[in-house]
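Here's the structure we're looking at; comments come further down.
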């Protein structure tokens, strides 16, 4: 479900309160710590394959964040735009974002 | 070229000094800062698509780090193993790492 | 723009006439020919890297088809569902499809 | 294990008999049939999400073929080049191929 405040238009028309904002921030903080951990591994001359395994884990975590943001955006901003007959532009923008991750 | 110290076997047989270690650490520090920047954007209720653009940028930066590590590993540890007739196992391990990124 | 017939509900409620259906079929036929070409290359013992380059080309072509289908689906079926207050389920299904390509 | 004939240099220096060549050709034929099946689904106006599921299946099948080719290439041509002190160039070429799939 979209929390009611999602995609509320702020003073500059582009502010969006993410649903489950605190959980999202927590995930991002964890990713930040994981990246710091990778630097630490390289600093300590850890075996390449072990470092790579950690890089893959961070990439998965980031992808999960991206998919959460995509879903929030679709349920919030895009659905709202569709209902307001502004869907065409919103969907074009969404597809650009999807393309970046689907590659 | 592989720097001569790459894949030097340490006391536990798995330590590897990455070539261009300082440059690699610098890149990882930059990635860490970018992730912190994304958290900041979510904190400030920035527009979803702008946040997603930054997540995609971090993912690209991480992929570049991973490919650098894969290349170092192949030029160092894997090539060394092939020369020492231990290539089969080293290549099997390499392919597992490649699979994780190629998906 | 979505062609008017897109996402027309058929007798079993799931038939969808793709916009630009002939162009899409043409692209798929080309992909089929490319895959046949790869088999031919393997048959003729062509150099691995050249075969891999062709596999990458086919993958790109398939990704382009997938993104076109995702866009048609979002503009058609999903937007229609949102307008009919059935958006939640349609978006959940869309996200599953996006996840498959975003990995 | 690499079959002995892998990466045998042909008259033009680039011919390679893939290990398990018949199995590889069989997989490619199956992929070709799957692509034809997708065209058939579009022809019959099948539901977008069902078509997308099939496109994802073909992409996975192609990725598996690519990874098999990458592994054969590394075990064959690349390892041979490393042993012959021509590894540097061979690994540079390998990394270009990996990058294409890791993106």
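A, B, C and D label the chains in the order they appear, each numbered from 1.
Heads up, the rule we're going with is that a contact is a pair of C-beta atoms (placed from the backbone, for glycine too) under 8 Å apart; a residue touches a chain by one contact, two chains touch by 3 or more.
This one's a predicted model, so the numbers in the text were calculated from it and none came from an experiment.
With centres computed as the average of Cα coordinates, no chain lies farther from chain C than B. If you average the Cα atoms of chain A and of chain B, the two centres end up 21 Å apart.
Rounded to whole angstrom, the centroid-to-centroid distance between chain A and chain C, based on C-alpha atoms, equals 24 Å. The centroid of the Cα atoms in chain A and the matching centroid in chain D are 32 Å apart.
Touching of two or more other chains is recorded for residues 63, 66, 70, 94, 101, 103 of chain D. Judged by the touch criterion defined above, the protein chains form a single closed ring in which each chain touches exactly two others. Interchain contacts (touch definition given at top) occur between A-B, A-C, B-D, C-D. Residues of chain B that touch chain A in their complex: 10, 14-18, 21, 24-25, 28-29, 31-32, 35-36, 38-39, 42-43, 45-53, 55-56, 58-59, 62-63, 65-66, 69-70, 72-73, 76-77, 93-94, 96-97, 100-101.
Chain contact summary for the complex, chain B toward chain D: residues 1, 63, 66-67, 70-71, 74-75, 79, 82-83, 87-88, 91, 94-95, 98-99, 101-103.
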